[in-house]
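Heads up, there are several structures right after this.
Shared between the two complexes below is subunit A, which has subunit B as its partner in the first and subunit C in the second.
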Partner chain A sequence: MDTVASNEFKIIFTGPMGAGKTTAITAISDKAAVSTDVVNTDQAQCEKELTTAALDYGQIALPDNSCVRLYGTPGQDRFRFMWPILMKNAAGVIVLLNGDHPELEQHLEHFVEAFGEGRDVPMVIGVGRLPENDHSRLERLAMQLEQRGVALPLFDTDVRKQDDVLLLVDALLCLIEANDTGRMEA
Partner chain B sequence: MTNRRLAFVGLGADTTSACLSMLKIMDGRSSIEWTQSDPEDADVLFVAHDGDNGRQQWESKQKPCVVVYPSSEDRPAARYTLPHPFRVMQLLGVLEDISCTLGDTQTVTAAATPTAVQPHSSFGQSLKELLQTPAGEETLYRSESPLGQLYVAPSAGCYYIEPALHQQLRSKELPLSALHEVHEPLGEQLARRPIFELAWFTAQHAADALAPWLAPAGQFKLKRWPNFGSIKNDRLYLSLCAMLTRGTWGRQQLMERTHCNAGQLDRFLSACSMSNLLINDSTAPTLASEAPQVQNAGRFGSMIRGLRNRLGLGS
Partner chain C sequence: MKSESPLGKTATLLVQQELEKFGETKGVTSAVLLTSDGFEVAALKMDKESASKLAAMGSSLAAIGSAIAKEASLKECSRLIVESEEGVVAVMEVPNVTPPMSLAVVANDASILGQLLWAAKNCCLGLEKKLKELITA
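On to the complex of A and B.
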């Protein structure tokens, strides 16, 4: 994971436990994502039976024999030591958040900061489980980003819908493209 | 108390009656007392949109003339207009404008509320005014169209719309009347949506031209991305957003980089501006203004194209 071959491309999916990283990777991976799920003993953080203990992995093979690797980080903070390892040579980061979580704003701060605010590695943010008729949470998150001085794509996202996951990927590719072109011009 | 006279020419009895009833409601809320008179003696004339003879005759005497036109039609080219049917606030607004012209120092008090929408506005103009002014306390505004109606609650950052009308709004420009203040309960069948979305669709479906408040030679930047989870996404828009959050660009540069035409770009910039996402900063240096055009030619160029094809995202 330390290095990425010239014909490989790495995208990181991160976010707190229960945000849908495994589901998102599965939605676009060629094969079912390789997961390291174990029984979730931290029901206070998230009420789900299984949770990722190490990482998720998926891949998309391209016709020219190159490969896009999709890594999902474990959400728990105690696995934070793995994040910089996974981030090395990453082309982009997709942060997924659980809009229903009481610490939503803190999660945004935490993950945006930990993964570099999109300054060196492009970043997009998807927020799931938002109440249908309450758009104020997304607005609060957008304001939060604006106050930090970062303009990152922030979309409401249902990771169970492939189109929503594809939108995140497409936005990320546009950012990578804009950065990449800029580097060529510099 | 100042006395002013107004007269009606060519208007239906129901319009005249509605106007007089509203003037009674205004009684006591204004320092100006408006009474009906003959056209010859009136200070202000209300004429029907199709009553050109009466309008020209009066305008030649350089006295204010309010053209009343059906709200389903385009606003006529006149200084003072009133779409029919109109509300008290709209009538108050136009009379306030006129009383200023006539030199009345004290005007209609109720029309001075900060979020009052000017009565001559189109739907887009009235929405823009509401988005720019400080939000009033839970004030509700309504707009009608033959397909249904919608309500805007600026202070709550949302609008309410019938589901069928919402589908139409997402795909095309609708003949919506200017927004006007109402005091009525909301129907249960209405969907609550973010006001950003209404602003976006209104500007995006408007004519292929830059919004009049944006300078064509301006330098633009985005302060935040639109929520493409809510509005219809488009590759061109994603690319433009990526560029405009990375730096400040002029229109010509954006068109060259993204291969879009002026109409597409102007709709996008207008929608961003209407939604309060755009910064127009003419003093900022632009990025790579002299650099040759490079499209997908960086480290990841071929990989990105391959991944898009593989995921069915188009080229």
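On to the complex of A and C.
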């Protein structure tokens, strides 16, 4: 019989269509990730062959024997009904954004607001496809968040790279831990 | 966001006729033909907003059904049924069409499950035939 993990965390990957949620979960999951990819007929919205219609699922075991369950949401608004279903009992949220998208700022607003601005549960943001050695877009996004009155960690993330995605997960787990400690002390 | 059906006007009309025929089945309250990524293609007895919502939910259910079937080493998920005291929702695949499509049907407690599923299956086969004829025409 498998050893039962002493701690389990459920974390959510969200963001617009084409931000790389499925790729990110696939990049770090210990076992083959479960996906609900279907043929994408909306090429105008995003030129890719497949899109997630329900959820992605993967999991990673941490050295301390805890288990992180990774859930990916669909990005399109028509699948918004899936978001609260997946968010139930989630310990934190990772928002992934495509830094090359013309509506990058709107996407940031949309997803940060829809998933609670880091107030209900901790949130970190990973931005992909940024120009090399140019942090101006990240700075712009940070300022945008500041204007909203929220401070969230922002990372330059290549979702195809395991280390980049694990960095996001590590950062989120640190926030979750800090949050829990704060709650206990309160 | 897309507002048009992925099918042309003639195809949409033919599809609508198939749905109307299916709508005569006892207990059927509504139905929607949807693409596997959640867009409404045609709807029966539903307003646009409800049809869009059922199309998105139907596609998520179908995708979860396929994922579970795959996990269980089953070849595919051809049908998914949600049963309640007040009625039934069923989502089933329309075979061999491009783009991939499913039919989501809603029926009340006057429906008889076997009859409903039989009629829905025939509707899917009818849709397959009509859409194939259009492609080869």
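Going forward, the second predicted complex is superposed on the first by the 169 of 186 C-alpha atoms of A that agree within 3 Å, B and C clash if a C-alpha of one lies under 4 Å from a C-alpha of the other, contacts with A are read in each partner's own complex, and residues count from 1 in each chain.
Going forward, a contact is a pair of C-beta atoms (placed from the backbone, for glycine too) under 8 Å apart; a residue touches a chain by one contact, two chains touch by 3 or more.
Fair warning: this is a prediction, and the values are worked out from it, not measured in the lab.
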Room on subunit A for both subunit B and subunit C (clash or fit): fit
Partner chain(s) touched by A:I176 [first = subunit B, second = subunit C, both, neither]: first
First (subunit B), second (subunit C), both or neither touched by A:W83: neither
Partner, of subunit C and subunit B, that touches more residues belonging to subunit A: B
Touching partner for A:P153 - first (subunit B), second (subunit C), both, neither: first
Per-pair minimum CA distance [subunit C against subunit B, superposed on A] in Å: 24
Common interface residues of subunit A - those touching subunit B in one complex and subunit C in the other: none
Sites on subunit A touched by subunit C in the complex: 34-42, 44-45, 51-55, 74, 76-79, 81-82
Subunit B residues touching subunit A - in the complex, by the definition given at the top: 157-158, 191-194, 196, 222-225, 227-230, 233, 235, 238-239, 241-243, 245-247, 287-288, 291, 294-304, 306-313
Contacting residues of subunit C [partner subunit A, same complex]: 1-2, 6, 35-39, 52-53, 55-57, 59-64, 66-67, 71, 99-100
Touch list for subunit A against partner subunit B, complex: 7, 9, 28, 60-64, 66, 68, 91, 126, 133, 135-136, 138-139, 142, 145-146, 151-157, 164, 166-167, 169-171, 173-185
